[in-house]
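In the two assemblies presented below, chain A is common to both, partnered first by chain B and then by chain C.
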Partner chain A sequence: MVFSGKFIKNTLTALIAVFPLLSFANPDQDTLNIKAGSTAYTKEHAVQDEHAPQDKNDKINAYIDHHLQDSHDFVFFSDESTGEHYGFPLPVIVFDDGLHVFSSARFHHGEEVAEVDGNYYAMHHGKIYKTDANGTMKFDEHGHAENEKPLDFSITKNVITMLFVCVLMFLMFVGLAKSYKKGPLPTGFGRVLEPLIIFIRDEVAVPNIGEKKYRKYMGFLLTVFFFIWILNLLGMTPLGVNVTGNISVTVCLALFTYFITQFSANKDYWKHIFWMPDVPVPMKIILMPIEILGTLTKPFALLIRLFANITAGHVVIMSLIAMMFVGKNLVADMPISLGLTLFISVIELLVAFLQAFIFTMLSSLFIGMAVQDHHHEEDHDAHTEEEPIII
Partner chain B sequence: MDKLVNDFSLGLFFWQAVILVVLILLLVKFAWRPIMTSITAREAGIAAALAAAEAARKEMQNLQADNQRILQEARAERDAMLKEAREIKEKMVADARAEAQVQGEKMIEQAKATIDSEKKAAMAELKNQVTTLSVEIAEKILKTQLSDAAAQASLVDKMLDDVKLN
Partner chain C sequence: MEVGVLNLVGAGLVVIGAGLGLGKIGGSAMDAIARQPEAAGKIQTAMIIIAALLEGLAFAALILGK
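What follows is the complex of A and B.
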């Protein structure tokens, strides 16, 4: 890839423009207000909310936990002194003796019980539970809620983000596709996208899957690469979304790779799993379960890798930002905190690309392993057939 | 692990699957296929253009080589012609010289022969004259002898001296 001076300048400008905004993902802008507000909050809400954070560290942990999770409403920031949340509610879709669709505003950010069609629902740690009119929750000894959970198909914050990414990708790439009708070279933003597409084709798909068969999987690989990358980058913005750091999302992505691998696998692949050639029969029997397990561990590694990397990045960045609220001396802590956050953010930008690349790379590697022709096998067979003739 | 399982949300998983399938299908139809086709076509075009340029360059080279060869041949032909002409010239000169020599020798031979024959003729004439002279002398002697013997002898001597002087 060729980086021209203008491209680097533009990228740097964009980065510098984005970084200060990251701090808005913090609980509050004004640290003094937080101190005043937090004490007020604990006093006022202590009775109503038994899970209210008791001290600042707990509060930060709770905040980070909350950020990492999906949520039913899109909150940009909250004013704790007044208890107001700035954002918009999202539709909740619940299957519970029929379909119930209602706005998440009725939960009042998890503070109230929503009554829908005679059923009562309560929000607890980002999950919807069935409850009664008083919002009674039963907990086991580990603190897990034991109430019945209805099937929740809500359009959550992550779903909205994914839809946004879909629209963005559709506009970007359909625009690129159209720009080819005007001439052989793309124009505008397409000039940035085209090298990436060629990169995925030449460095990821072709070397791993092979010149003949790669074309069929380009759609999946390109979509997944840009989908993960854009979502990773969106996770770096002050919107405070964490889509690729959500286990459900990575499970889904890895399952796609898994099913595509299994369904495109050829005879050789299955033969190597169930009856490994060129080894003694006892070894074949021992290898069979290992190989079957291997097909599952590959996508499992994929989903854990993406999830863990992105989650870790978010936790580290948020902890570094939170550092200045924990420390006693704001003047001394703030430059350290911001400097470290900036440093980690740059690394995270790299990780955002790297994880998307690794996911695509490994997906194409697994697909390539399933569809490749085992040349060495054929050569070997041909060799043994030839030998008697030589003798 | 417990937390991971707890975090797993079926709803989000469902939406993600739906969104991803739809996104892949839409993008394949409206973006990836035309983009890949265009890029491949363009790359094929570039490759073809490069090959054509290479072929043109080769042809040019061949043409130049041809020209060079023709020029070489023409030069060689000219050289050959010049050489031939020179050879002809030399041969003509040599021939002419040889002929001239032969002619000259012949003429010299003739001249020699003529001189010889002339000489022989002159000798023959001389012999005739000597003979005639001798006869005349003898006649004179004989005539003189008849008158005076002494004078006769001195005459013979005198005549013989004359002959010797001649």
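What follows is the complex of A and C.
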């Protein structure tokens, strides 16, 4: 077993202790200065952002927007009065007439122009643009940057978090698999994982996909479930990562479901899409485009649901913390704000599980619809007639 | 009216619709569980799926409207 019992116990205790208090601790750092009445921005900051927020509400909005975005460095908190950021830089990999790899420290948190192999790059709102030695940026009338963008394959904050979760899952499940060699009962942390795996198998995969075919899809369903769940939970920690609330991540996860569904679909599935049986011919023609569109809207709903739920949760929690600084009296507002934040945090813990479960559930439902045999329906009708009706 | 204000009105409408839908789903599920408590597990699963589908629609509207 990779994890010892004591380690788990200590980690869990520490996590539970810090969850409600430190969840999204970052706004405190930001807003302490507001409390002191210093709305003045440091010079570097003003240069970096031309429409630097001066108003307290604008500042909070900017802070929340920044939290929701991916970034090229891992900043835990920053001291606004000195303009210093505490965290570590991440590697930047850009493809722009050749592959360039350099550290994001060279951007100095977006305040300086990085010179790499004769090319100049500047960062604007977390995105990398090609520029000249002075870092000149061109903007259109809406304030969008018009500079050329290199292809960006950087190891960003989200990427490094996903890699971390991959390693974590690998260690957890290899540990579980190894413990079965010793005996039928798992040891240590495996005792937490085994019921969850059995839950996914018995409550999600088997009822939706069917006794005979479910085994093939268990790997995908379990991976997706634990991946989303762990990432959702990491989003609740003060690390300030927001991976499942990033639409690119959820698009990718939904694409997996889409392709697995389409490639495992049988003859009946395609027949029901292109030439629906048992309906008149004009109806068949009308139904065809609707059904084709239907295959696309299902994964679309899947990706929007996960993205919007997690984003909404993060925004609500950060707004509630910010509430204590917007009001007139800090001391009076603090218990209300903290109480509400704790309440929503607990709900978010439930949502973190529920969204992972729903994603897995709907994925297995879609796969099940694509692979099911169709004589099953007539059996079902005959079956219900026999059952006594209880009123 | 400005577009921003209309957006907020639209968001309100979406929330009203989603609230009505969720209320109907939850209420029906409660009725069903009261009638057949032994089927509570199955009813809950079905309820969560329908609620998730509804939620997906509501969120799609909110995001596209933003």
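Here is the rule we go by: the second predicted complex is superposed on the first by the 334 of 391 C-alpha atoms of A that agree within 3 Å, B and C clash if a C-alpha of one lies under 4 Å from a C-alpha of the other, contacts with A are read in each partner's own complex, and residues count from 1 in each chain.
We adopt the following convention: a contact is a pair of C-beta atoms (placed from the backbone, for glycine too) under 8 Å apart; a residue touches a chain by one contact, two chains touch by 3 or more.
On a predicted model such as this, the values are computed, not experimentally measured, just so you know.
Visitor: Following the superposition defined at the top, how do chain B and chain C come out on chain A, clash or fit?
Guide: Fit: chain B and chain C sit side by side once superposed on chain A.
Visitor: Once the shared chain is lined up, is A:348 touching chain B (first), chain C (second), both, or neither of them?
Guide: neither
Visitor: More residues of chain A are touched by which partner: chain B or chain C?
Guide: Between chain B and chain C, B touches the greater number of residues in chain A.
Visitor: Going by the contact rule set out at the top, does A:80 touch chain B (first), chain C (second), both, or neither?
Guide: neither
Visitor: With the two complexes superposed on chain A, say which partner A:253 touches: chain B (first), chain C (second), both, or neither.
Guide: first
Visitor: Between chain B (first) and chain C (second), which, if any, makes contact with A:362: first, second, both or neither?
Guide: Touch partner of A:362: chain C, not chain B.
Visitor: Tell me the contact category for A:305 with respect to chain B and chain C: first, second, both or neither.
Guide: A:305 sits against chain C, while chain B stays out of touch.
Visitor: With both complexes placed on chain A, how many Å separate the closest C-alpha atoms of chain B and chain C?
Guide: 5
Visitor: Chain A touches which residues of chain C in the complex?
Guide: These residues of chain C touch chain A: 35-36, 45, 48-49, 52-53, 55-57, 59-60, 62-63.
Visitor: Within the complex, which stretch of chain B touches chain A?
Guide: For chain B paired with chain A, touching residues are 4, 6-17, 19-20, 22-24, 26-28, 30-36, 38-39, 42, 45.
Visitor: Going by the contact rule at the top, pick out the chain A residues touching chain B in the complex.
Guide: Going by the criterion above, the answer is residues 69-70, 93, 127, 144, 151-156, 158-159, 162-163, 166, 169-170, 173-174, 176-177, 180, 184-185, 194, 197-198, 201, 215, 218-220, 222-224, 227, 246-249, 251-253, 255-256.
Visitor: In the complex formed with chain C, which residues of chain A make contact?
Guide: Touching chain C: residues 203, 207, 300-302, 304-305, 307-309, 312, 354, 357-358, 361-362, 365, 390-391 of chain A.
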